[in-house]
Amino acid sequence: MPWLSTLIAVPVVGAVAVALLPKGADKLAKQVALVVSLVVLALTLAVTIQFSPRGERFQYVETYDWIPSFGVHWGLAVDGIALVLIALSAVLVPVVILASWHDADGTGADNPPKRSVKTYFSLLLVLEAMMIGVFAATDIFLFYVFFEAMLIPMYFMIGSYGGVQRSYAAVKFLLYSLFGGLLMLVAVIALYGIAGRNTFMFPELVGVITDPTTQKWLFLGFFIAFAIKAPLWPFHTWLPDAAAQAPAGAAVLLVGVLDKVGTYGMLRFCLELFPDAAKFFTPLVLVLAVVGIVYGAIVAIGQTDMKRLIAYTSISHFGFIAMGVFAMTADSAAGATLYMVNHGFSTGVLFLVAGFLIYRRGSAYIADYGGVQKVAPLLAGAFLIAGLSGLSLPGLSSFVSEFMVLIGTFSSEAVAGINYAVFAIIATTGVILAAIYILWMYKRVAGGPTAESVAGMKDLNGREKWVVAPLIALIIGLGFYPKPLLDVINPAVDTTLANVSVTEHQAPVPVAEQKGAGE
Amino acid sequence: MNGAIEAPTIEYGQLMPMLLVFGAAVVGVLIEALAPRYLRKAIHVPVTLLSLAGAFALIILQAVRDGVPEQASAMGAIAVDGPALFIWGVILVLAFISMLLINDDDQFVAQAAAVPGSPEEEDAVAQGGAHTEVYPLALFAIGGMLLFSSANDLLIMFVALEVMSLPLYLLCGLARRRRLLSQEASVKYFLLGAFSSGFFLYGMALVYGFAGTVDLGGISSALASVGGQDSLLYIGVALLGVGLFFKIGAAPFQAWKPDVYQGAPTPITALMASGTLVAAFGAVLRVFWVALGNLDWDWRPVMWAVAILTMVVGAILAITQTDIKRMLAYSSIAHAGFLLIGVIATGDAEQNSGSLSGILFYLLTYGITTVGAFAVVTMVRDAGGEAGHLSRWAGLGKRSPLLAGIFAFFLLAFAGIPLTSGFFGKYAVFAPAVSGGALGLVVVGVISSAVAAFFYVRVIVLMFFSEPAADGPTVALPSVGTAAVVTIAAAATVVLGVFPQPVLDLADQAASALFIR
Amino acid sequence: MEPVEIIQHSGGVIGVAWLMIALPLLGAAILLLGGRRTDRWGHLLGVVMSLASFAVAVLAFVELLGMSGDQRRREIELFQFIPGMVDMGLLIDPLSIAFALLITGVGSLIHIYSIGYMSHDPGRRRFFSYLNLFVAAMLLLVLADNYVGLYIGWEGVGLASYLLIGFWQHKPSAATAAQKAFIVNRVGDFGLAIGVFLIWTTFGSVAYGPVFQVAGQAEQGVLTAIGLLLLLGACGKSAQLPLQSWLLDAMEGPTPVSALIHAATMVTAGVYLVVRSGAAFFPVGSTAALVVTVVGVATLLAGAIIGTAKDDIKKGLAGSTMSQIGYMMLGAGLGPVGYVFAIGHLITHGFFKANLFLGAGSIMHAMNDEVDMRKYGGLRKLLPVTFVTFFIGYLAIIGFPLLSGYFTKDGIIETAMHHSPVLGWLAVLGAGITGFYMSRMVFMTFFGQKRWAEDAHPHESPAVMTVPLIILSIGSIFLGGYLVLGNTLANWLAPAVGGPEEPIEFHFVTTPGIATLVLVAIGAAFAWMKYGRAEVPVVAPRGSFVTTFARRDLYGDAINESLLMRPGQWLTRLAVFFDNRGVDGVVNGIAAGIGGTSGRLRRIQTGFARSYALSILFGAAVVAGALLLVGNI
Amino acid sequence: MGETITFWVLAVVSVSAALGLVFSRKAVYCALMLGVVMLSLAVLYAVQDAPFLAAVQIIVYTGAVMMLFLFVLMMVGVDSSDSLVETIRGQRFWAMIAGIGFAVLLALAVGQAAIGDPAGVTGANQRAGGNVPALAELIFTRHVFAFEVASALLITAALGAMVLAHRERTRPRPTQKDLAKARFVSGYPGPLPGPGTYARNNAIDMPARLPDGSVSELSVNRVIARHDVEDGRLPDDPELAEAIRQAAAEEEEHNASIAGPKEDR
Amino acid sequence: MTTHYLVLSALLFAIGAVGVLVRRNAIVVFMCVELMLNACNLAFVTFARQHGNLDGQLIAFFVMVVAAAEVVVGLAIIVTIFRTRRSASVDDANLLKY
């Protein structure tokens, strides 16, 4: 059974079905969308369960010719890295659908205009299909197609359903991403031409480009696209605008999944296709990553808008992920991959809870809140847990990944005379800053005396509990027992790094043996 | 001096598609002369459409049954080779759907000779007068396009240029509304067209002076044999180029395009933006590849500059446009720049056929999308006719989501977003360009695409994210023809964006043997 | 005597030692998830879970007692946490079980006490869930067999502390204090985290066993670095200089919290960390150990000085806590002998300080939550039980002979004196100040005239609160002697932390000991003169420069504010400005630039056909010229 | 030798005539100048062994095309002469630069080319038995298709002229009687005063005055008036200035009504 | 001699081109275009003689045909716009711009 194609087809069919529903059938549209997304989740679970971590690297391989003239295939397959990200998408979409139940209805606190409900959910499902496709694609061209096409539904979700400055944000998001994507297109074309294999299949292109100069240029083409997507400092400014203006659900998918495509692309394509260039640029990337970590955190502290703040925290977190990828140790890379998943969950729930708050209060300004904890303890509690996950509290999932990234980076061997431990140490200050921005926000929103404007605020209702509960359960569960994910991720990361000719997953050589070898 | 002239051989079979179009045009003239006024349209429509469809069928028949000829036809005047057949097919398809638009009521002036705003005009409008002459005129133009793209010597090319242009000069001036603009477009197009064809002609003279022949193959072989007169050749090539660049709207010869596209009746704009561009690129390829292929080292740098300038000017100037048709005109300029990248990317035979195939595919995708976009433009109207000003398009997505959605889709195709035909079109041109050593151009192309995306996106923002104006334009209930055009264009844009392989195969096939000389 | 080998263990009570952690965690989860349904019996569940945990600890202790000394380090494996890096497991050895007993024992008492103390608070269930959470995290901290597990517990107790300090979130001061505690702790955690990174990188493991085994082989510089980094962590958690500032603010939390977390257990985690890693990273005479002692002494003095000037009874006690932990730190830097007294003092302090805090809570309970001692006075008759237990705690802390504090504190002073007279005499001085400020507290509270407000009706607390007080005060009397005399504690701890070469003999009459007693007596007498005999003004008089210095926590907050917070705020504003105008400005600037270019360029399209023709002619000339040029090159 | 003299004479004549075409104010002069160029060229064709072309040049070009030009000139207004004041800034300067540059470029290129002695077309002519048969043979063999297609051009031209010029009569042609009635109904039965009839000023852009001294608004050319207003060339006399402004405003209005809503321009 | 003819033709062409740029009367502009075409014809005829083949003459002939047709269409257009605007100035037709 073509599992992956099915995974892509189901939401597409669902989207079409939702779009074709008659005009007034808003409720039905939501229900259909939810059911479809749950079906996708079930299918994804089936795929995940059948995946054998120690088996072949790529499983569920499907390869059909799509455009033979260009050497393009409908090539799908997953390795551990892609699998967990697909799972992330599949988990988040139903949650987001449930969370966005009324986002298009126009029933929020500040009476936003009513918009087409079925279009919104249809776009969500289209987006889901593309998210799964982009992670499952083993054909670089196909990857690119999904990479770019993904922008469009998100563009409409921001532009049509977002906040006051939505069209500015949407255009900025689209153009920025498009610009990066086009640079990548050039690199994709050049890769095809220079490789001369007449195919875009990723496995056949690994290790083909050997000339260092060529590698560097192509690397840059890919990397800038991914750096914009991820986003790395200084290509980040679209994200706060987009995330702040997007409806909460869309923001979750934007930051939780779409941006992961950037870091995923770095790990999958930048490293494996251009290993030498990747090593050459590592110091640069690490500098950008570390700057992003600290800078994102500092700017986050100064934000007055909740969603912007969360967006800046994400910029900081993406710095961690990029650092983990480019430190190129097994721990850091596995940590980075895990981080992609965990960040999806933690930022997801943070955005969603912030969305609930904003939906009730009608404002995203932190100053408009105060004392929510008193009137809506569950809501505030969920907000706190989400925040704590954002500051990587041990016991919550993001701790494991952040820890692995940092320790992996710290233990990476010095390359070209630069000891990357320095980067890890600077990055660790992000841990302190994270505490400041999260707790300060929490204090201003939930602490202190209850503000008049939030006095009548309702606590989480049943639907919202169902939105928050699974994510928090995942965050805590994975915080204590990340092994299932890591067991899937580690072999894939090892293979990736082997292709970059970095040694396999192992602990640093203990000091005793070092001494022994030295004598 | 007993000189019985030997009868020329003309391969009627091969030329039949073109002859059919010209024949239909002549029949159209006869209809004008003989049929009663009230019947004319009823007769014109089937004649026109059937002749175009028939011509298309003949091309297919030709390709399937006889294959691609290896010799030039009509005493070496016309080359019905693979690319020509493909381009003919493309032109005919585009002409057919443009014709459906032209067919629409209310597009053309009731009485061209009546002064705008005069009582005569009011009378003519009241009586429902309409110029049915547009049918034969359009057919002549289409015939000229077919000829232009398959001309195998410069004389035929010049004549074809005029055959193609003269009817268009006329048709540009026949808009029903805003006639002053329309007439202005007409006169500008005419004067500048005549001016530029003067350059073309002088270039032709110089090339003739160099080679002693105007046969494209002959010029090509003369490049190797003639010495000492290179300056004639270079100037000649430059001036030929000017004439052709003018037709495709390459900078700095692009200035007419926005004015004319804006002023002309929209269906004619559609025909020009699609058919003329395709035909002109056919001619460009023939001149620069067939006749001057061995001179590519010399013309390439200049063409680089022109291509870059064209892309940049097209993309940047479009940003601040406020009229939708004008914006599409600038977009068309930018696209001409992208296509020029393909023209530059020459090399060995394999490289050439790759580039050629890309250009052919691009022409098809761009042409169809363009016609579709202009068809949508014809449907958005307010009291004064089409609502050209962009501000009038605000909130269209709320008022008629389907139409706005389709138009947005066309715009995305122009921007080259994946899963639209425009993406593969661009890819098909860029990919061979990179392997042909034009990476720099591709980078410029990509950057201008990004800039260009801005104004496409701006329109989408207007349509979907802005609140509709209170007295905004209405969307006319489309006629069957217009609806068909939009549907066909949208379908083609989707299909070519998702499953382009069959058409790519066709283009590959058409391009595989390159041009005959 | 080196610490003994760690032995893999299964079966028995120790095999299920994870229940110690799991039970309170389960309790916390039930209480948090159960919501209002559990309101009625939630506090009971909390107590039960704590007690159950205590039971398991006792049973494990008993099982450990049944083993010979070299068998007493048992490790149980739980699960793979991070494959290839961290295998989560528990280390049950004399050190950890001692902590476990303290935590669960004192913890249970405080749970019970809280039933009464929090009886009127609508958030009592939540309070108990946090307490349970704290117990679980603290146990993970001390029981984990690796540094990552410790780190998780470390931050876990930080979270619990945050939640409990900020339990009354609606009070801005509480919310701020909670936030401050967490953030300052994070600074310490930063050091701890990097220390762990360095341990992993150096030794290829984060588990105690393998790390301690090969620790000696690493380079000295690396070891010192690790030691200092761990110390930074310890400073954060244990409120040592320079990360002490949060502890005083932390008194915003409910009093049982101050007793349990900010006196008896959590704040001693730093001592645990240093002692646990002592053999490996803080060997006697090493730089790291020296720094530990210096930090300890500095803090014990600073805490004591702060304690002298506080009118808030809880803050006074908090200063005292700082100071006492300073003693422990000092001990922890002095090698095996020091460890014994440090841990001993930690345990006795756990009792008498919990006793004092709960007593203070009892007083506040009686006084409408009034914390200002200037508004107490003469309470000894109204609150007899509280007075007696509080007084016992007081005697214990000032080191009244034969009470708990006497043995352990004097032990530390003596060891320090043995080690370095300077440190020793400073510690003696600290003891003297302790005598003063504790006496001041007792006199202001229980003696003199009543100074309380009209609406206060002081009354003795219910039994559920006084019984724990009594139990704790009994511990405050006897525990020190039991632990120190006869080397009980030293022998017990030896397998875990290494023992002194020869048995420690406790001398009752020593020069420092006598000096200490004299100083304490002087301090107490001075306090009597000032606060017992004299009238205590209700409003604090403007004190001297020194008083102000002490009142303002030695300007710790001021330093933080001017050195870190202000520049930080400034940096934040700068960064935000830079981001909006600089980074984003470039992006928007490019867009605006293109737009502007477009706007200007379109003016070239004048609409005059002749201009167009000109551009064609120009273009033609340029194209022709260029081609001619290219062709002729 | 004869050719050289002919060439130089005609070269001078044709270039002067061409310059005259560019620089004479009156359109009719221009047409005549063009005719001179064409005739000169016809002679030059003849000199260069192209008698057929020479004949065609005179018959078709000078005879038909130029006449067409003249007809149209007459229709449009024979006496309307161009103002030689340039309105587009820099246009003339740059046109000269570009023109001279272009001419130099062309001349250089042509002069630089190593062109040998002409082969002469005598041989080619003789093979077919004369210039005309030789051309005929080419036209009807090698270039027959171009010839055939040229017919399409001619048809287009005819059709185009019809479309633009032919007016279907939509109402009955007014009879003499109708015209006379209309004239009297208009209130001004006499012929309109021509521009300058009562003029105190002989410029075409000045309105005429009626016999009573009042300004005749009918005599103002609205297009010219618009230019006057735009360029600020208004007379001192307030009455005259007002009339011009009035006419200019009418013109604007007129344009606007045809061009559609203002913002669409 | 050929060169002389060519230079003459080039001059005429350039003069015609400049005429297009500087004249405002549409008819005169158009006449200048005709001058350019005539210049081309001269070049063709000259080159025909140079090469000794009649193609050039033939092309010149075609140019005349084309020019004739073009004149018809062009003048028709000019007349139409003149009737609307009562001006034959090409500068007046500048509603379409920017």
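Just a few scattered comments:
First chain written, first letter: the chains are A, B, C, D and E, and each begins at residue 1.
Throughout what follows, contacts are C-beta pairs under 8 Å (C-beta built on N, C-alpha and C of every residue); 3 or more make two chains touch, one makes a residue touch a chain.
Note that the structure is a prediction, hence the values are computed from the model and not measured.
Note on connectivity: the fewest steps through touching chains from subunit D to subunit E is 1.
Overall, the chain located most centrally, as judged by its C-alpha mean against the mean of all protein C-alpha atoms, is A.
Of all chains, the one whose CA centroid is most distant from that of subunit D is C.
Chain centres here are C-alpha means, and the one lying farthest from subunit E is C. Here the CA centre of subunit B is 78 Å from the CA centre of subunit C. Spacing of subunit A relative to subunit C, judged by their CA centroids, is 36 angstrom. With centres set at the average Cα position, the gap from subunit A to subunit E is 65 Å.
One inter-chain figure worth recording: subunit A and subunit D are separated by 69 Å, centre to centre, where each centre is the mean of the chain's CA atoms.
Contact of a single residue of subunit A with at least two other chains is seen at positions 175. Shared contact sites, meaning residues of subunit E that touch two or more other chains, fall at 6, 13, 16-17, 20-22, 24, 29-30, 46, 50-51, 53, 55, 58, 62, 66, 69-70, 73, 76-78, 80, 84-85, 90-91, 93-97. Contacts with at least two other chains are made by residues 112-113, 116, 155, 159, 162, 166, 169-170, 173, 179-181, 187-188, 191, 195, 206, 209, 230-231, 234-235, 258-259, 454 of subunit B. Of all possible chain pairs, those that touch are A-B, A-C, B-C, B-D, B-E, C-D, C-E, D-E. By the touch criterion given at the top, residues 6, 9, 13, 16-17, 20, 26, 29-30, 33, 36-37, 39-40, 43-44, 46-47, 50-51, 53, 55-56, 58-59, 62-63, 66, 69-70, 73-74, 76-78, 80-81, 83-85, 90, 93-97 of subunit E touch subunit B in their complex.
Listing the residues of subunit C that touch subunit B in their complex gives 591, 594-595, 597-599, 601-602, 605, 607, 609, 611-613, 615-616, 618-620, 622-624, 626-628, 630-632. Contact residues of subunit B toward subunit D in the complex are 1-3, 5-6, 8, 10, 22, 25-26, 29, 32, 74-78, 111-114, 116-117, 120, 123-124, 127, 129, 131, 133, 136-137, 140, 143-144, 147, 155-156, 159-160, 162-163, 166-167, 169-170, 173-174, 177-181, 206, 209-210, 228-232, 234-235, 323, 384-385, 388-389, 391.
Taken in their complex, subunit B has these residues touching subunit A: 357, 397, 401, 412, 415, 417-419, 423-424, 427-428, 430-431, 434-435, 439, 442-443, 446-447, 449-450, 453-454, 457-458, 460-461, 464-466, 499-501, 504-505, 508. Listing the residues of subunit A that touch subunit C in their complex gives 172, 175-176, 233-234, 236-238, 295, 298-299, 301-303, 330-331, 371, 373-374, 377-378, 381, 388, 393-395, 399-400, 403-404, 406-407, 410-411, 421, 424-425, 428-429, 431-432, 435-436, 439-440, 443, 446-450, 480-483, 486-487, 490, 505-512, 515.
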